[in-house]
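Okay, so chain A shows up in both of these, paired with chain B first and chain C after.
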Partner chain A sequence: MEPLTWTGSLDFLNPIFIALIFICAALVAAYMVASVFAPEAQTTVNPDGTLSVSPSLLTLVTSALKYGFLAIITVLLAYLIGGMFLGLNAGIIGAMSQQFVPVWISLVVLFVLSITYKRRLGLYGKLFDSTVGMIGFALVMFWVFTGLFGAFDMIVTHDALTQVSGMKNKVPGTPMRGADEGDFPYYLLGGDNLARDVFSRMVKGCLIVVLIAPLATLFAFMVGITLGLPAGYYGGRLDTILSFTANLILAFPVILLFYLLVTPEIRATGLPQYMASILFIFPLVFLTVLLNSRFYTQPGFRTPLLIAVLGMGGWIYLSLISEVGSKVHVIPGFADLFDLDGGILTVFVSVVFVNSPTVFRIVRGLTMDIKTRDYVAAAQTRGEGAWYIMLWEILPNARGPLIVDFCLRIGYATILLGTLGFFGLGLEPESPNWGNTINEGRKLLSIYLHPAIVPALSLLSLVLGLNLLADGLREESLKD
Partner chain B sequence: MILTALCLTFIVFWLTNLYPNLEKLAKTQGNFRMSDEAVASWLETRGYLQSTPKKYAEWLGVVPSYRATDSEGDVIGRCIQPGIAAEDSPSYCGILQGYWGWSTVFKEPVADIVSLRLGLTGKLMFWVLLVMVPTALLVGILAGMREGSVTDRTLSTFAITTTATPEYVSGVILIAVFSSSAVGLKWFKGSATSAMETVTFENFTLPVITIALYGMGYVARMTRASMAEVMTAQYIRTARLKGVSFRNIVMKHALRNALIAPFTVIMLQFPWLLNGVVIVETLFNYKGFGWVLVQAAGNNDIELLLGVSVVSVIVVLVTQLISDIGYVYLNPRISVS
Partner chain C sequence: MTKTEYDGPILEIDQLSISFFTRLREIPAVMDFSVAVQPGEAVGLVGESGCGKSTVALGVMQDLGKNGRIVGGSIKFKGRDLGQMSMEELRDIRGSEIAMIYQEPMASLNPAMKIGKQLMEVPMIHQGMDEKAAYDRALQVVTDVKLPDPKRMLDSYPHQLSGGQQQRIVIAMALMSEPALLILDEPTTALDVTVEAAVVELVKELGKKYGTSMLFISHNLGLVLETCDRLCVMYSGEAVETGSIADVFDKMQHPYTQALFRSIPLPGADKNTHPLKAIPGNFPLPHERPQGCNFGPRCDYFEAGRCDADAIQMEPIEGDDRHWSRCLKFREIDWDAPIDVIDQKAKAEIGDVVLKMDNLKKYYEVAANALFGGGNTKVVKANETLSFEARESETLAIVGESGCGKSTFAKVLMGLETATDGQIILDNRNIESTAIESRDTETVSDIQMVFQNPFDTLNPSMTVGRQIIRALEIFGVGASEAERKERMLKLLDLVKLPRAFADRMPRQLSGGQKQRVGIARAFAGDARIVVADEPVSALDVSVQAAVTDLLMEIQREHKTTLLFISHDLSIVRYLSDRVMVMYLGHVVELGSTEQVFAPPYHPYTEALLSAVPIADTSIEKQHIVLEGDIPSAMNPPPGCPFQTRCRWKSEVPGGLCEKEVPPVRQMEAGHQVKCHLADDILARMEPVIKVAAE
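Entry: the complex of A and B
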């Protein structure tokens, strides 16, 4: 079999695409030079009292750019849609596009639904008013869906860990040697230095990232909020102590901290598990206080609710931290809901640990600002409890900056995960997560690009998506 | 600040002196097949099994260091260096006396290694700052000058992209494009090992750009925000109504006020640069401070790791201090009283 080319039968689009990109780049450069030197658009008042702007060079270039970008997007869509139907005939990109069909469908459904009902969806709906936010959201959801479907083996073409002889370091589009009837006949993005399929590893690695990064960020937020609210609200000695601790952790260079926390020797002491037992209790405390302060006046409803939440949460908490045969072994094996691999737990804990002080500082600052408002004073006069004011008066009003920071922080957590993988810390070496793959691929980088470039670009696009999403959200939340 | 430094070094000290680390140290220094009792006695004679605060005080140099007689009857201890008799060596030896310990990986005094490697990293940082700061300010000012224009959007997209690209991603992409034989440009070298002796354009461009890119995006965005805010201020409008040309407004009126915020940001970037340095030095095999950190941590070289942590913690704290002082100095509205 012939090796696949990148675009296959859609080759005729390539010259158009390249030409468009060059034209747009030239236009942008021209605009930048022109905007410094060219005169501004002249506004003249007409005799009938209307204003008219004489068309200047700049406005012309701007509109040309708009059409240029639209054309580029059209060609890109043509590659993807053509690939969806032509499959292998449309080369590597086409074949990948066909593999991603479930993702495309989910994305289209999600966007159509969201845009139709955007006026009823609050801040999430407003996101669809901003182009930047939509692009970011699309990028993020693309990887989320890829991770989810990849978990059910829907997108992958081969097993992420199987090594196929003769496929070592093969370039993208190489036909698979000795492929059976049911096998996918190509290595779409080539093979890595252990002859595994780069494309499938990228898809599988995605799940680890889109699972751990948001969860770790969520936990960091719980910790930061639970400590930051009282620190900002009460102030005084509590604030001093907590701020000092936060600054202490922040002054640590992150990599040093990772090297100190994530080594196998430290794991043997059970230190990460002890830290997990402390850090993971904060979400429980947060939920309990949240519900208790809300339903304090209706004991009949509150007590069963709290028992249910605490019971479930406590069980999950205990199964998270306890592991048979390690230092923290609280509950017997049969009651253990799931066994987290020690490596993942350590990575998780260190990412939470590094992120929570920053969240703490943000929440503390916001709380100190908001507690001077009138509605807080009103609640105090009503005789509401301190925790009710913090969680149900202050926190909802601090949500805007917190949501924006949440998106940015997921991106940061993704970068941290990659850093850990890059130094070979934490997860086991054959794990397909992007950081590890980049680390392995970089050793042969000057000869074989694809094993390192593919996960690098994936990570870049995910983090970029999160940053754009945060930008869009910030823009939209500032508009009210 | 001193309290913070003490706390931080104590935490590092405690983490590096946990028993599994010591056990590994004993095995690498002594014999890999040591029994548990042998490990314990090896550690005992060298004073590793004292309580952590006492060991920490010894390491700091406020308590006389531990001494013991080993099986051959010689007096051994932390202060007694090879070739010097026990009676002649000082009884206090710690950071305060200028003794940083002995690296087990490099077989050299820690102070020498740290100062040598710090010099190499200093060279790298100098070039990084030289590239990063002017570019970031220029990009930020150009973007913030006219909010919402095509220039602004292009440059902002560029800035966001660079902040979303961690060093290990941009480094890999840059190496792939500019130095691999697969693409074939081969403009620069993918390794900066030779840059330790002589810096050339060819061997130092990629590492410098890799670090500079990540920090640059953030500084540029801050500059843009600050510039955009200044451009909407009253006095700019006044100047505009007076008929001052746009170029003069930007150069004479807006620029100075817009540069206060980025200064703090640049200073606070130092801890992040430190992070980037570790990644880039590993990626490009430039044997500087970050490389030493990785070596020390990877090979369980306790005293070297402690030395490295002390230096990095001090760097972080000092830059925080400078940024506070500089902010007060630059901004006339804030005064210390």
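Entry: the complex of A and C
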């Protein structure tokens, strides 16, 4: 079989695409020059209330640039949509686009639904007013869907761990040697150092990232909020001590900390597990205080609610931290709901541990600002408890900056996961997560680029998406 | 740049229309607005928030931002159309020929630059002056705005000055290049009354001295009366009436102007016999303006089919000097008709003493080092020997400027802080050292508070109904959720809000409506004592009257004791039974409203009365301007707290004022004054406010 080219039968689009890229680059340069020298555009108001801009060089360049970008996007879409139908005939890109069909369908459904009902969806709906936010959201959701469908073996073309003889370090589009009847006939993005399919590994590795990064960030937020609220609200010595501790953790070199945590000797002492037992208790405390402060005036409702929440939460908590045969073994094996792999636990603990001090500082600052508001004074003068004020009067009004920071922080956590994987910390070496894959690909980077560049670009686009999403959210939350 | 000689009107705005363009629609902010400012003339621009007065000022500066645009008319400055000028020409004019003074002085000064440098920049940029000459000019202007020790001032940073001093610096900066036109956008709103009086005095004086024309933007009619020659009343983007001060104040020819004057408490208004008349309805949103007359739906003289037909033009009033009105019916309305007195209310019976304060003291210790404690501790005496009684269904006004200790007093009463010494007795129980956590529910629900800032008083992320229900839950009212809901709806009825508001978020409510919800929340547990901390000062004039009346009505029904904290003596005179004047933590005067508002005064009360602007041309006021600023409570002067600013100090022999805190002296029944002045001097005092003979 012939190796696949990148665009296959759609290659008549290639010259157009390249030409458009050059034209746009030239236009950008022209725009830069024009914005310095060309006279400003005069806007005038028509009697019917519309605005009109008198044509000038600058407006001309600007609109040309706009159409140029639109053309580029159109060509890109043509590649993808053409590929969806032509499949292998449209080369590597077409084949990939066909593999991603479930993701495309989910994205289109999600966007159509969200845009239709955007006025009823609060801040989430407002996101669809901002182009930047929509692009970011689309990038993020692309990887989320990829991770989800990948978990059900839907997008992958091969098993992520199987090695196929003769496929070692093969370039993208190489036909699979000795493919059976049901096998996918190509390694779309080539083979890695151990002759595994790079495309499938990228898809499989996605799940770990889109699962752990948001969860770890959520836990970091719980810890940061539970400590930051009282520090900001009470101030004084409590604040001094907590802030000092936070600074201490922030000042500690992160990578060194990770190395320490994953050293077998330290793991044998159970330190990561002890840290997990402390860090994971915060969400439980947070939930309990949140519900109790709100419903303590109605004991009949409060008590069953708290018993249910504490029971479930406690069980999950104990299952999480306890592991048969390790240092922390508090509940018997049959009651243990799930066993978290020791490596993942370590990664999780590390990410939570280094992120929570920053969250703590943000929450503390916001609390100090909001506690001076009159509605907080009103709550105080009707004798509300301190935790009610913190969790129900202050926290909801600090949500704007916190949501934005949450998105940004998932991005940092993603990079952190990549870093950890790159250093081979935490997860087992054959794990397809992006950090590990980049590290392995790095060794032969000067000869074979593709095993490293694919996960690297994936990581880049996900983090870029998260940052754009955060930008969009910030922009929209500031508008009324 | 050389300044051109020109002898026409300095500023001529002709049929100006300004719109803001948003994603959804065009929002017209100013429509068909015309005004002319002659050389040396001060023109006031009055209106409620959102009426477009600041937009006019920004339009003159050609600084409307990205989505604001002039859609019609012209603005001519010294005969040249500002709209036709290039950016360079505008840059030359701004700051040198037209200067603007904003509301917040701290925001107008660069905090990282010394005052002197900031002042010197102006002539150095606009006139190319050398540094030495610019310094001399700065020094002279700072002397002109009457700041003490000008050399030191020039060498200090903005944060080292008080609010009043900062505003003087901003004025000095505006005057550095001797502009032909000065635009003042609410220049004194952020300042205390006595400081405001001094700044207004200064602006007036400088206007005369430099011959500057002024465009004075304010919501306060009294202030405009004191500063301006002519005024222009704006409503919902339009000028509705313009004319000379005397014409508009005494011979108003527009229903809105009339309604505005009827809703502000002037001397003579009284909560029982002459209640204020609030303007019904709400201010229309800019994109929901009615057809025809904007004021139509709220107007008493509205005539369907005529007033709501076409856009209405300004028409001159015969016989007056440049007096115009935007009303179709002004010739038909009988402007002298007496206000049809709505319903006179019986004065509420004052009952027994419910709250008694005895020698209450509150000191704060401020430690120099937070981490390890110790070090130098400083004592701030926030409240000093506070004694008074408050009775059932009585309104006791607590008057004073910022830093006088009224907020601390409220905190101690509410239990957010505990007293250092003395007693607070509520129904024969001492509560001065019981913090709010250890108070029983009944005590907590008995003493409640209404807050100052309507935009801050409600939690923005909880529905209105939920917030009231929460208060009911805390006060243990109602056995079930359904009962509480019912009670919450009744409370909304009480404050005259539609029941549908229960499901609204606070951001969907106007300021006045929010304040009503705040009042409903305070009365959730049938409060007997309500501390109202400037409840109406942040509201627009027309809404103030409605909210004040609501408070009075609920008080009459529930026999509530109202502790009304305010700095606005007009409203205090209107609604309170007794008045307590505070200065730097001391009660300087306490007595019934008539006693406090008539001589003999405490010297501070006298100055305060003189400082409050009154929007009535028939009032003659004595002019008393206090020198300097309020001393810091961290570092109070020795002896009498007021001695640093008192104009009667020389009348007390032996420098007693600087040595001893004066004793509390009983004047008549229930009237007490804390002053060293001898009886005969006090008796000699003249009334500050006199109604001129008609």
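Here is the rule we go by: the second predicted complex is superposed on the first by the 467 of 480 C-alpha atoms of A that agree within 3 Å, B and C clash if a C-alpha of one lies under 4 Å from a C-alpha of the other, contacts with A are read in each partner's own complex, and residues count from 1 in each chain.
Rule of thumb we're sticking to: contacts are C-beta pairs under 8 Å (C-beta built on N, C-alpha and C of every residue); 3 or more make two chains touch, one makes a residue touch a chain.
These numbers were taken from a predicted model, which means no experiment stands behind them.
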Contacts of A:422 with chain B and chain C, given as first, second, both or neither: first
Which superposed partner A:383 touches (first chain B, second chain C, both, neither): second
Partner chain(s) touched by A:72 [first = chain B, second = chain C, both, neither]: neither
Touch count on chain A, higher of chain B and chain C: B
Touching partner for A:266 - first (chain B), second (chain C), both, neither: first
Partner chain in contact with A:297 - chain B first, chain C second, else both or neither: second
Partner chain in contact with A:194 - chain B first, chain C second, else both or neither: neither
Contact residues common to both interfaces of chain A (with chain B and with chain C): 40
Interface residues, chain A side, partner chain C - complex: 40, 43, 45, 49, 51, 129, 236-237, 240, 297-298, 373-375, 377-378, 380-385, 392-393, 396-397, 399, 480
Chain C to chain A touching residues, read off their complex: 19, 21, 23, 26, 69-72, 87, 370-371, 414-416, 436-437, 439, 441, 444-445, 447-449, 451-453, 456-462, 471, 473-476, 507, 518, 521, 524-525
Contacting residues of chain B [partner chain A, same complex]: 4, 7-8, 11-12, 15-16, 18-21, 23-24, 142, 146, 149-151, 154, 160-161, 163-166, 168-169, 172-173, 175-176, 179-183, 190, 246, 271, 274-275, 278-279, 282-283, 290, 293-294, 297-298, 300, 305, 308-309, 312-313, 316-317, 320
List of chain A residues in touch with chain B within their complex: 28, 31-32, 35, 40, 61-62, 65, 244, 247-248, 251-256, 259-261, 263, 265-266, 268-269, 271, 411, 415, 418-419, 422-423, 435, 438-439, 441-442, 445-449, 452-453, 456-457, 459-460, 463-464, 466-468, 471
